[in-house]
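Same chain, two partners: subunit A is paired with subunit B first, then with subunit C.
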Partner chain A sequence: MGSSEKRSKDVMSDIPTFSAENLQNNLKVIQNSRTFLSIIAGVLAGIIGFTGLTGFVFYFVVMLITSVGLMAKAGFSADLYFDSWNRVLFDGFLGGLMSFVLFWTFAYDLVHIF
Partner chain B sequence: MAEDLVLDTAIRDWVLIPLSVVMVLIGILRYFVSKLMRSSPAPDAKMVKEGQVIIRARNLKSGANFIPPRSFRTRRLYYSNEENGLLHVPKGQGTNPQAQMFSDPNMAMDMMKKNLSMIIPQTLTFGFVNFFFSGFVAAKIPFPLTQRFRSMLQNGIDLSTVDVSYVSSRSWYFLNLFGLRGLFSLILGDENAIDDTQRMMQMGGLGFDASKSLSAEKDGLDIIQHEWALPRFEQRAESVLRKLVK
Partner chain C sequence: MNLGFLIGVLGVLILSHAAYSTIQYRGLLKITEEEFSGPPMNVVLELIVGLALCMWAALTFPGKFLSIHPDSDENRAVSLPDNSDFMIFNHRGRLFPPEIDMKF
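Presenting the complex of A and B:
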């Protein structure tokens, strides 16, 4: 994940002090890494030859790993970089699904069907 | 479940792969063509002024807690006072954007350009795919689906005995159309993120009414509860420094 998050605020507690641009940038990084990984996961799932539910489970597992990776990148303190934890966990989850299905189908067809 | 179909490898080499590659390339082409055709609208002094005022008011709103109460009140008065505040719009002066749009031919031209740049490639691509790749069973989705999806996935072939998970080439085109969005946002950057649906929405909001957003900002400023943040910051700084010294 070539993600380079910037420090979006100083360590503060009570008032939210975010730099909007940095926050935007962080969200974009999340979005990009999720899309990227969903494409990779789709190709992988297709080549390995998952069918049916297994493939979707695979997608969820990959997304979970992504979440963990993103959290590790944020030093397990998402409050520093994002306005809520949900951002790290769920952003771009459904958007990636479409790409995943497409590339899954594509790779699966290329390798297994013909 | 019908028995498995055997698909010719030639279909893969001459339909599935070319179709996908063509979709990607056309997406890139569209991006650059629309970039070339985009004309930056000539800034209208009044519009720019209003926009800047709105931005300044917004900045004041978001940074309200970082300035002392007195300064905040002065600034708020400057923006929202009833006689000559910047955000105050006298009644009956707001221009009707709809009427303005029709009187200005440039605006209509711009809209048409946008519309065309959206519709023409779509139609062309669809025609292209229809002409070269119609009527193949091109792919198989690796998960089972119910009969309802037949019309969606097997557009272009009329065989009711084929298992639903087989995808016709025309439907593969549609799948590509939606699924490649993520890939485009990766390879073309953000600007492409504004895809067609969003562009459609923007068009709906084209007649943007400045006086409305001005008064909305004004209301927003009026209801802000000001709470100066700096006194607490001093305590925070103190505690941080103490920790450092320890």
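Presenting the complex of A and C:
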């Protein structure tokens, strides 16, 4: 299993080929960051006492800040680390929503009900 | 990795301290029978600090971004092999002109 896909006649134009293993590593990094921040956002929303739509708005705000942070981490040049901008900005946006709601209700119960 | 992990732990500790302060504040409100409209100002400040620390930790702890270009300097697929003692260059191939621009 080679770590990079490269054919000898594509040496000069390597636009369609890239190192898939590194791309997977980068996607895993984004996923981990977003999951961790979803949990933190949930705990925060529960502590502040958001109920209803305000909490979801808060989640999207935190995810937008995360996107900006990830872009800054990639040095604002997605071509070097990903095959398209959409991966950096929108991958895993909704995957963290469930973790957010779980920890939101958990923290809300902990702080405000018990 | 260590610094990001420590900052993350610190952020989580600050958040849990803020949660405990809010619980105490709610207990106080129950005694004075007021409505809970929002956590007190110092708790909000603590939450912002905790969020900033956790965000910084979440961006640095999971790992670095690796370049996906196959011809960047850190993605070298070929390098001088260790067994160069067994490689000979005095064969028929030396008569061919070099075709591609090889990096060493």
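Following the convention adopted for this analysis, the second predicted complex is superposed on the first by the 99 of 114 C-alpha atoms of A that agree within 3 Å, B and C clash if a C-alpha of one lies under 4 Å from a C-alpha of the other, contacts with A are read in each partner's own complex, and residues count from 1 in each chain.
Here, contacts are C-beta pairs under 8 Å (C-beta built on N, C-alpha and C of every residue); 3 or more make two chains touch, one makes a residue touch a chain.
Being a predicted model, the structure only gives us computed values, none of them experimental.
Clash-free side-by-side placement of subunit B and subunit C is the outcome of superposition onto subunit A.
When the shared chain is aligned, subunit B comes close enough to touch A:Val101, but subunit C does not.
By the touch criterion defined above, A:Phe50 reaches subunit B but does not reach subunit C.
In the superposition on chain A, A:Phe82 contacts subunit C only, with no contact to subunit B. Within the superposed three-chain model, A:Asp109 lies in touch with subunit B and out of touch with subunit C [touch as defined at top].
When the two structures are aligned on the shared chain, A:Leu37 is found in touch with subunit C, with no touch to subunit B. With chain A used as the common frame, subunit B approaches subunit C to a shortest CA-CA distance of 7 Å. On subunit A, the surface touched by subunit B in one complex and the surface touched by subunit C in the other have residues 14, 28, 32, 36, 49, 110 in common.
Within the complex formed with subunit A, the subunit C residues making contact are 8, 11-12, 15, 18-19, 22-23, 26, 36, 38-39, 43-44, 47, 50-51, 54-55, 57-59, 61-72, 75, 77, 100.
Of all residues in subunit B, those touching subunit A in their complex are 7-9, 11-12, 16-17, 20, 62, 65, 138-144, 167, 175-176, 178-183, 185-186, 190, 229, 232, 236.
Remark: subunit A residues 2-4, 6, 11, 14, 17-19, 22-23, 25-26, 28-29, 32-33, 36-37, 40, 43-44, 47-49, 65-66, 69-70, 73-74, 80-83, 107, 110-112 touch subunit C in the complex.
Residues of subunit A touching subunit B in their complex: 12-15, 20, 28, 31-32, 35-36, 38-39, 45-46, 49-53, 55-56, 95-96, 98-99, 101-106, 108-110, 113-114.
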